[in-house]
Structures are given as C-alpha cells and as structure tokens.
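Chains here go by letter, A, B, C and D, matching the order in which they are written, and residues are numbered from 1 within each.
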Amino acid sequence: MLQPEHHHDDSPPVVGILAEFDGPVTLKAAATGLRQVGYAKFEAYSPYPVHGLYEVMGRKRTTLPRLVLAGGITGCLVALLLQWWTNAIDYPYWISGKPLFSLPANIPITFELLILLGALAAFGGVMVFCNLPQLYHPIFGCVKFRQSSTDTFFLAVDADDPRFDETATADLLRSLGAESSELYRQPRTVKRIPGMIPATAALVAALALLPPLWIAQVRYARKTSPRIHPILDMDFQPKYLPQQYSPLFKDTRDMRPRVAGAVSVDAIIGHVHLLRGEVDSPPADTFPMPVTSEMMLRGRRRYDIFCTTCHGLAGDGDGITSQLAFEREEPKWVKPLSLHDQPVLGQPVGQLYQTITHGIRTMPSYRSQIPVEDRWAIVLYVRALQRSRNATMDDVPGELKKHLKSIEQSDAGIPNAKP
Amino acid sequence: MSILPLDDNMTQEPTRRARLVVGPADAASITETVCAITERPRPPAAWYAAFAMSAAATGMLFAAIGYLIATGVGVLGNNSPVFWAWPIVNFVFWIGIGHAGTLISAILFLFRQRWRTGINRFAEAMTVFAVACAGIFPAVHVGRVWVVYWLAPYPNQMGVWPNFRSPLLWDVVAISTYGTVSVLFWYLGMIPDLATLRDRAISWWRRIVYGLFALGWRGSAAQWHRFEWAYLLLAALATPLVLSVHSVVSFDFAVSQLPGWHSTIFPPYFVAGAIFSGCAMVVTLAVPARSLFGLKSLITMRHLDNMNRLILGTSLLVAYAYLIELFMAWYGGNQYEAFAQLNRALGPYAWAYWLMVACNVLAPQLFWFPKCRTTPWLMWVIAVLVNVGMWLERFVIIVASLGRDFLPSSWGMFRPTAVDVMMLAGSFGLFCTLFLLFCRYLPMVAMAEVKGVVPPHLGSNGVQ
Amino acid sequence: MPEYPTPNLDNDQVRLVGLPRGTSGVLMLIGLVALAIAVALGWRRDDQLRAFSASYLVNYTFFLSIALGALFFVALQHLVRAGWSVTVRRSAEILATGVVYLAVLFLPILAIMLLGWTSPYFKWLDPQTIADSHLAREKLVYLNLPFFTVRAVFYFLVWGLLARFFFKQSTSQDTSGDPMLTRHMEKAAPVAMILFGLTITFASFDWLMSLEPAWFSTIFGVYFFAGAVVGALAALILLALALQAGGVVRRAITVEHYHDLGKLLLGFVVFWGYIAFSQYMLVWYANIPEETVWYLARQTGPWTWVSVGLLFGHLLIPFLGLLPRVVKRRKMLLGVWATWMLVAHWVDIYWLVMPTFAPRHLPFGLLDICCLAAVGCMFFAGVIRTARRCALIPLKDPRLGESLTFENF
Amino acid sequence: MPTTQPPFPEWVNRARPYAGALLIVVPAYLVFLIYAAGSPQTTDVGYSPRQPVAYSHQVHAGQMGLDCRYCHTTVETAAFAAVPPTSVCMNCHATIGSERETIKPLQFSMKTGKPVPWVRVHDLPDYVYFDHRAHVGRDVGCVSCHGRIDRMEQVYQAKTLSMGWCLECHRDPAPQLRPEGSITNMAWQPDEDARALGRRLMEENNISPSTDCSTCHR
C-alpha cells in the first residue's frame, strides 16, 4: 500500500495515479470534477457500465452505429451483386420458369448477409475502437486494480497529463471523493519480443515454402504415377464402358468380340452386291448405290485417311509408310501396287471392293476399320484417280472445257510454254 | 410501504417491481456466487455423472456419423417417399431450441426486460450449442459429406455456383449467419466476465487462459461506452435475424406445393414454435443447473415464472397456427390439403399428432396456474413434454406429409433405423456435454450485467 | 420506500379543454353530410351502391384497424406489466373504445348486404357466383349472411366489452387510486389477448379475405393485425402530438415516450414487411393458380404501382426514415413519419379491398375522400365524446412515476 | 503501492501486428495451398502413364502424318474414341519392324487374342457423359482437348478436362471451331480471326452447345 516517497533512479517510471471510489455516483462526480479542473488524460474504470460517465469525461460518442450501417449496406449490396452475377450472368439457372434474376427469392440471402456483415462490423468495430486485444497494460501491475472487475471503481490520471503532479493531483482526487489514491509505476516486464519467437517464425516460414514448391513441381511435371484423387466419389462406377476391363471373361475384355463363324443376317438374305461386291457370284461391275459427288468427296476423304499411307496421295504406291520402310530397309516390305498399273486398272469395282474388304497378299483387310459404304466410296475415288491419268477432252464437262481451252490458248501464247 | 423480504421476489403488487436478485445483491457477492462455480477444484458429483453419460452419448453420435459416412446414407431410414425425414426433423428441432437464447439475450434486451440478465448468458450458450447440434444433421445426411463445402459460393474449377434461389441454400446461409452472430454476441457479452475470472485467478494457467480470452479488458469508461453500443447494435441485428432463421427453415417446406407444407402462416408459426421449444429447453436446463450450482439467488423463481409465462404464450401462438391451418384446410376447399390435415389426425401417424397436441397445446395450459409456474419439478416435466411435443411437431409435418402426398400409389411409411435413433440420442449427448463444460469453465451468469441492474446502481434497496 | 419520485403533474393540464363544447356534434354533422354526399355519388353511378360499398369498406376497415390496434396496445401493456407506457396508454384506451361507435357504423355494410343491392359486394352472396363455383358452394356453410351477421355481432361484442373493460377499470383508478385495479387488468390481459387474436383473425377473413371467396391465405389474419398495429401506433403518436399542441399533457408525455413509440412503430413496420413478404414469397414461389390469382390482380395494370408503392412506402422508405435515433426523439420528424405511415396504412387497406371491385383501374376519387371523412368524423366524434369524460393520462396508476422517469439508453 | 506481475509481459502488445498479420497470412496461405494442390492443373494435367508398347504419336501422327482416324476409327460415329485393336497395328507392323523388341507385345497379343493393356490417359469420371461424335462432328478439332498429340513421344494429358474447362467452351465455343476438313489437323491455324470464323461456323452448322446439367450428367 505504501510507496516510499523517495525512489532510486532505477525504479520504473510513474505511469499515473490510481484513485479508488466507493460507487458509480462518486466516480461520475469525480470524473466531472477532474474534467472541470482541466485534466484531459485520465480514465475511469468500473465493474459494470456507468451511464453518462463517458459523456462527462468529455469524450466523443462512438461512430460504431455508422460503421454497422455501412456493414449492413455492404452486405446487402454484396449479396445482391453476388446472386445476380452468379445465377443470372455467370451460370444462369433456369428455375421453375422464374426470371433468371428474381428478387423475391434473393431476399433471404440478402437479408442474412446484411445482418452478418453488420454484426461483424459491430464486433470488429468494438475491437478496433477499444484497442482490443490489448493483453498488456501498465495498470494490470496494480494489485488493487484486480478488484475493478468485481466491485471497485477507479480513476486513473496519466502522468503525462500536463497538469499532473504527484501530490497536487492526489490531493485533488481525494478532495473529489477518492477513498484512497496511489502512484503506480511501469511494471517490470520484458519489453522486447524474445528472440526465440522471430527465429521460430522464420523457421516455420521457411518450412512453409516447401509445400508450394512441391506443388509447383508436380504441377509442371509429367507424371507416370496414377492421378491423385483423394476422394473418388463416383468417378469409377460399377458399370461397363467401352474397352474396359472385366474380370468376368477370360480375355478380361468387357466388350465381347463377335462369336467366331457368325454370319451377318444381311449377307444371307440379300445385299450381296453391297456387302460382297458380287452380282451373281462374279465381282460386280457396278456400284450398289447411286454415284454422287458427295460420295466422291467422301471417298476422297476416306482414301486420304486409310489408303494414302501406302498407296500415296495419287495412288502411285509411294505412301509415307512405304518410303520409310525402304529408308529403313525393312526386309519384309514389298512396295505397294500402283493403282494405275494394269491389273488394278482392269479390275471391276466389285473386285476393288473385295480387296479392301479382305485384303490381298501383304495388304491386310480393312473391314474392321472402314464401313461398307465408305469402302464403296473409296472404290469410286480410286476409279476417279485411275481415270485422271487417262482422261481425254471428252471427259471434261462442257463448262470446264471452255475454261480449259482458254488456259490452253493463253499457255500457247507464252513462247516457252510446253504443252 | 414495506420492504420486500430478501428471499422473495414473487410480488405481484403493481406498486413495486420485484427484486432481480434475492439475498445479498452487492457486486462482491454476485461475483463470488458466479465465479466460485468455475474456481472450486471439483464440480459436484452429479456433474461428473452427467458428463460421463453425455460424453458417452457424444461418442455414440460420432460413431454413428462415422458409420454413416463410411457406409453411405442407406443406413438412415430415409427412403421413398419420405426422403426428408429424421435428420431434418432433428435439424429443425435443434435450430428451434436455439431461438430462445437470442430471444432472451436480444429481444428482451431491446424490450428492457432486466430480469433477462439472470439467464441470458446460459441461454446464449444453449443457442450456440443447439446451432452446433443442428448443423450436424443437414451436413451428414447429404451423402457426400466431404464435398459439403460446395454449398459455399466460392470461385471453383467446376465453373458453377450454388443456386441462390433454393431454400436449402438460404438455410445454409441463415444457419451459418445465425451461428456466427450468436457466437459473437455470446462472446462479446462474456468478455467483462472473463476479465473478472482473470483478475480473480490464482493459478498462472487460469490467468493466462482467461486472460487471453478476456483480450485485456479493463472496464474503462471508453471501453464500456463502445461495448454497450456494440451490444445494443448486435441485439438489434440479432432480433430480426432470429425471426429470419426459422422463417427460412419454414420456407424449406412452405415454398413447395406439398399439402401440409404449403401454408403462408408457416414463417411466423415456425418462429413461434422455435421460441416455444427454446424456452422450454431453458427451463429444462435452468431448473437443475440453478440448484446444482447454487444459483438460486440469481436465477430466481421469478425468472422461471417469467419463462413459464413465455412458454404459455408461445404455446397459444402455436395453437393459433394449428387452428388456422385446420380452418383453412377446410375453408380453402382444397381436398388434398384437407386430406393432409385429416391424415395427420387420423392417419398412420395419428399417435404422433395427438401426442404433439397433448404436449404442445394441453400441457402448457397448466401454466395458467401460478402453482405450476413455480413448482420446479412440475415445470421441468412440462418443459420436457414441450420439447418432446415440438420434436413430434416437426416429425408430423415432415413425415406425415411426405408419406401421403398426391398419389396414393406412392404412399409409404417411415421407420427410423438404429443409426437414426443413435444420432438423435447422440445429439442430446453433444448438447449436454458442451453445456456441462460451459457450466464448469465459463461464467454462467452475466455478472457485469446483473451488477448493472441491481443496486447500488439503481439507488434503492434491491428493488427496481 | 417509493421506487420512483411521486409524479408532480400539478401544473399539467390533463383534461381535454382546448376543444369547444360542440366539437363532437359538429364532427358528427360533417360525417353525416359526407356520408350523404358519398351515397349520392354512389347512386349517380347507377351501380347499386357498389362503388360506395367498396369505398366505405376501405375507410371503415381503416378506422376499425386503428381502434383494434389501440385495443391490442392496451392489452399488451397490461400483459407485460409495462411501466414506460402508462402516460400514453389512456390515449390508446380512448381510441379503443371507438370500436363501440364503429359497431354502429358497421350497420350500413350490413344493411347493404341485407338489402341485396350490391350482391357482388361479397361475391359469395351472388347466386351466379355460387352457381358457377363449387368452392363458393362448399363455403356456404361458413359464408352465408345469417352466420356472417352472428359472427360480426360476436366480434363487436368482444371488442366492445374488452375496450370498455380496460377503459372503465383504468378511469375508475383515476379516482380510487386502487392498485388492485391494475392487477385486475393484468389478469384479464391474457384472456383479452386470446379473444382479440381470434376475433381479429376471423374478422379479417370475413370482411376482407372473403371478398375473393375462392382465395385463402393462412397468414392473412396476422397480416391485417400487423397493419392495424402500425396504424394504431402512428395514430397514437399523432394523437399525443395533437394533444400537446393543444396544450394538454405537456409534461406527462416526454420525449422518451415518443422515442419508445417510434421504436415500436419501426418494429411493427418491419414486422408488417416480414408478414407481407412471407405471404407474397410463398405464393409467388409455389406458383399455384388458385393462390396467385389474388396477387395477379394486384400485379397487373395500375395496381402494380400501388403494390410497388406499398413495398417502398410501407416498408423500405419508412424503415430508413425511422431508423436514426434522432428521428424518434424529434416531435416534428416523428410526426411526419407517423403521418406517412397512416397514409401508407390506408393505402394498404385500399390495396386489400379495391382490386376486387376494380381490377383494371384505380377508382380513387372524391367518393373515397367523402367516405374517409364520413367514417373518420363520426369515429372521432365518438372518441372525443369519450375523451371529454376522463383524464388524458391514468392519474393514479401505480406505475405513473416509472413512466415519467424512465430513460432510453 | 503494491505491485504485481501483469498476466502478460509488455512485448505481447508489440507482437500484436505480427499476430494480426498471421491471422490474415495463415488462412490465405492455407487457401492458396488447397487451391493449388487441388487444382486439376496439378492433379491431372501432365498425367503420362507408361504404356505397354512404346508407341510414339510423334512418329506416327507427327512425322508420318497418319490421320487420327486411321486408328481411332470411331470418333466420328460413336461417343467413345476407340483405342485401335492390335490388328490395326499389324496392318503395317506385320511386315515392318517385326523383329523389333517393341513390337513383341503386339505379336503376343495377336497370337493369343489377349488385348494389349493400353492405359487410358484421357479418362473422365464415370458420371460424365462425353460424346466424341458430337464434338468432332461439330467442328471441334482434336487439338482443342488433347493438345499437340503429334508432338508427344508418350501421350500426356494436356488440358485439365475439368468441368469449368468444359463449360468455358460450351459457353463460348467460337474460338475452338474449325472447318470440317481440318478437324484432325493438329497444326491448323485459321487464316482469319478465329472468333469470326467460329461464329460463322456456328451459324452455318447450327452449333449452340447446351449448358444444362443434363447435357453431361445424365
């Protein structure tokens, strides 16, 4: 209780005077008195709120209500914008025939966000305005002050108030009704943050860099290991999809191959021309379908996919595969036939069809890769390719003939032009 | 006029207001009464017994949830046509329980009902714990619990957003807002009391722990000024919030076209029912807690009397809603609606319906008699009955309506599974566990608030 | 030891003295003249008084809702043993007794129905509607003239008895000072509340909802109740302002009372919005034709703008207007907002009734003003008559001291 | 005056800004970490399983210029882009490189009838319905989803194949469209503005991709 009046130079500095009062009424009166005398830097402490105390101390009313209003308005606008942008613009939901942005259904969330942001503003505001959390304060060094949260009322005058004087202020407080008043000093505590803490923080920060580095590595690397999906949900369902594994069958295929020896019904009941390329057993000389320019185009496209690899774009037997095979001196490789050579030129279309279907010599069957109609289309295109090498002017349609002639004439006008 | 005896505050005389605290009402003894509960080395033996039981039930809850997640939602009784059953009943029940806390702490605060200070702290705690229990059910019954965060609107790599026009999403937002605001409100009010515990602490760990949570509160005039404003504003925000929360829950049902669900009175009716059940839970907890922890001077008979009046009042509001629904089912001339109401009363779930009526409408009528309002065991029994009745109300609304909708060919019954029952029982365990921990370690009564409304602040001997 | 200082209202005028003696009679006369003009306007339109009936119903319901809201206010204060409201409670008690005069004013409505003039007035009276609609036929058990009349008599009996009970008990305390009278009223309050809740609900069903016999909404009673309390609170504020402007109860009613009334008004404005939104949202969302038809009439043509006007005028604008603390503590500002709310409440009632009678256009005109004047003048003639017979505050209420000294936070 | 040790030393106040910063930094760090780690860019892109046969798309599709459809014959007609049967490989490799070590598994498969256990690289979850025909037939080039397959020695997943990625194109397909003849051409570049071309193609071929849930989840 008693503090020696003389103190050594190494004793901690005086923070202020703490005066005790017996109740809210005397506390309020004393605060009024202090303010009238001209003190500005003092604080009143009470175990429960004393109405009007803050006002008599001459402090400004808090702006918390306005902050909360701002929070509420922000919440309201954020919610409306969010719902409008997400559900009407970015991912339009068409719900029970209502307009994409239908206000009545947006009200509940707007309201909740209004309240939420308002409440967060109120709580955050009181923390900021009260300067909380503020775990250390010199006044916590006074033993008596511990009573302030139970039943005792205090006034604390700061030593850095210009009017502060150790004896005069104490006298004043006593005259204002203080039951007792004492000087209180800065408690002796550690002021600097202990070095261990920043060191630990630095270590943790360094360690915290590892996970992002690892993620970055994974992100940009090729991974042969299976994908990392911690939760598979229904990624893999117990159902059979094409070309998947099934333990049911010996060959582990879930797609069943055609039973050996099975014959297509079509082949039995007709369509011999179409499917086998035959008319009354010899290879057909005609197409089983009307020949159109679409079919020709289709044939060209299919030819480019399936035939050019060996037979070459123009049918000369110089496809890329063949070229590479010769480059590498593949022993078993036989140059593919040129489609412009005699045996092929003379074959009826039915036979060409059969060749595609069944293969011939080293050429494999393309039955599984090319559907029937496409095979005929390819045959047609092959015919066109063959014809192109042996065409006469009579083959050219009327319109184009004129055009060709005009080219011929202009070519003739050029001295060096060779026909 | 005579001075009221110190231990009685049951006066009905209009000439005076009853004491808020019986016995010594000075700040020191209030502090002592409340703080001693957390400061004594050992809680009463009954606390240990209750804690052991509720902790075991909590364990059962988490075991059931673990089993549910590991196996799938098939372990619940929900099935066609009653897809929304037990978990939603429990959800609505618990979220309703939570409403009384906000009623007492926010609405009664706005109405200057000073008696609320005796019970608001633990009613708020009850709210927080009930919301925690409520949140479990919709979360775990979605089937894929691990993607429950999809309900949150965050920019995601699926390129979709939640459907903000679904009442189920309103629920998510409303409940999380309600939980957040309840916690803020509860915690803000507790800061000065935590400071008291810090200042009284003898052991260093209590000083540190309570000190951390007290945030360095000093009770300066500046702090109190802002604190009071924040408290008022939070109360003003929490009041419409509490109305909105159960209204949103009622929208889950009422926006649909199912007979028995689609009724415009649902929002206020659900709110009234929620407050009804919440008040009953307050009484259920207050009666044993006040005698177990020696809080009879702060949570007085007057408090219980007032709570029982609230229960009676909200019971009448709920009865009003039942009546209007029945009347409108007939008046509206919609045969499906009429059937839905008849089915409740006479159908396969008639037992639940009549039990509900008995618990929610008839039992609280006993509170017309002052004797019933002031006899602890009796009010406890009635409060428990109300809790049962309100659970059944949600059961009747959800299960009876879904079980028998428009198409007789799709009718079906609901039967809870063992997991269902374990989860309901376990949620009570969780609730009680949290509540018991709260009783043991936190200030159960808002000391600073009580001190602020009793003398000497009001300047006359314990009467205000 | 007294809790509060004994009220000192010696210098305050607590009797209605400002008004000349014949005010009630003059008002009555004006009312009758206005009624005659309204009837004449109705006749000229040659529609069996249809337009008049509709307009009369609007204005009648408007004043009835204020009287009922006041009755609720009185019962509520006793139910919760409120201390703050003692000095404004008498005004509410007087307003509530107006329901007795309104019982008489209900006779024209009943007379028109009995005469069968404007049969589509309530469509369920129209034989054609009954023949066409099986719903209307099914409801005949409830919606028929004899039962309707019996119910109306019952409602007025309940309201009249309740209003007179609270008024009598309260005024007799002025002389006797017996605190037990307060106790009596407190004991009666819960019963009064139950009766009030049921009667106002079914009255709103009978007189407003059944205008469209096929339509129904379970929340309708609550909706009407919410509007009624808004109207009554606005009326109470304006009444207090008027009395103080007339030099009476200048000290008994303080800025704190205005602040509290303002807060309650704000609260009920929000409550009304909540109920209105609940009803609208659920009907809008479920989109069932038999329900949406009611809103469809109010969402097409000029009625759209009345609906939007209600959203802003009855909810959003007054909410923001009444929010600041300063508004509730400045008489002028609060008076402006109370007037605003009273107008909004009138529009609300108009919006409930009129689209049934005039689905395509807004029939607002001189007829409505005449009806407003007619019902209003006769209602206030009665109210003033009552007010003259008593003090304007409960002079010896045991909680008068509390009411005079309380402070808002 | 008797003094006591305050519950917390003074440095605790000084640590407040750092603690406050931590409150922001730690959640932000965790959110970033989860977002980055969970992103399909991390978990899925770059997936390049080792195949039972060291088949090089770079050689076949790039250097030789084989059309995609030579092997993946079903892309235009079926939902599923079939992995070719061993017989298709054997079209050439019956005679070419038949003594090479890498061809051995093919020969084994051919002999025994057991399928070559190719590992699927582009594998959508089973609850996603994706139709190759609907995309190839609607002017979407292979390269849009599979990247430059013709430059891949061993095929890897180049795009995220996430739902957001799908939706991106379904909402705005124009930049991804190309003329019919260039579907399989990995190196194709539009002569004009890709978006203008895409818009024209959309109009010509009536392309309006749906973004309903049931488009992909049926």
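Going forward, a residue touches a chain if its C-beta (ideal position, glycine included) is under 8 Å from a C-beta of that chain, and two chains touch if they have at least 3 such contacts.
Everything numeric here is computed off the predicted structure, so don't read it as measured data.
Visitor: More contacting C-beta pairs: A-D or B-C?
Guide: Of the two interfaces, B-C and A-D, more C-beta pairs touch across A-D.
Visitor: Among all chains, which one's averaged Cα position is nearest the averaged Cα position of every protein chain shown?
Guide: The most central chain, going by mean C-alpha position, is B.
Visitor: Mind checking the centre-to-centre distance between chain B and chain C? Centres are C-alpha means, answer in whole Å.
Guide: That gives a centre separation of 35 Å.
Visitor: Provide the C-alpha centroid distance between chain A and chain D, rounded to the nearest whole angstrom.
Guide: 15
Visitor: Rounded to a whole Å, what is the gap between the Cα centroids of chain A and chain B?
Guide: 40
Visitor: Measure off the straight-line distance from the CA centroid of chain A to the CA centroid of chain C, and report it in whole Å.
Guide: Here chain A and chain C have centroids separated by 58 Å.
Visitor: Which positions in chain A are in touch with at least two other chains?
Guide: In chain A, 91, 105, 133-137, 140, 146, 233 touch at least two other chains.
Visitor: Where in chain B do residues touch two or more other chains at once?
Guide: 159-160, 198, 211, 216, 228, 240, 251
Visitor: On chain D, where are the residues touching two or more other chains?
Guide: 7-8, 39, 167 - these are the residues of chain D that touch more than one other chain.
Visitor: State which pairs of chains touch, listing all of them.
Guide: Here the touching chain pairs work out to A-B, A-C, A-D, B-C, B-D.
Visitor: Residues of chain D touching chain B in their complex?
Guide: 7-8, 39-40, 160, 162-168
Visitor: With touch defined as at the start, can you tell me which chain C residues reach chain B in the complex?
Guide: By the definition above, chain C touches chain B via 1-3, 80-81, 83-84, 134-135, 138-139, 142, 179-180, 182-183, 186, 190, 194, 197-198, 201, 205, 214, 216-222, 263, 270, 274-275, 278-279, 281-283, 285-286, 288, 290, 398-399, 402, 409.
Visitor: For a test of understanding, state which residues of chain A touch chain B in their complex under the given definition.
Guide: That would be residues 23-25, 31, 43-50, 53-54, 57, 59, 61-62, 64-65, 68, 72, 82-83, 86-87, 90-91, 93, 95, 98, 102, 105-106, 108-109, 111-113, 115-116, 118-120, 122-123, 125-127, 129-130, 132-137, 139-140, 145-151, 231, 233 of chain A.
Visitor: Spell out the residues on chain A that touch chain C in their complex, using ranges where they run on.
Guide: Spelled out, the residues of chain A in touch with chain C are 51, 96-97, 104-105, 107.
Visitor: Help me check something: in the complex, which residues belonging to chain C touch chain A?
Guide: These residues of chain C touch chain A: 277, 280-281, 284-285, 287, 409.
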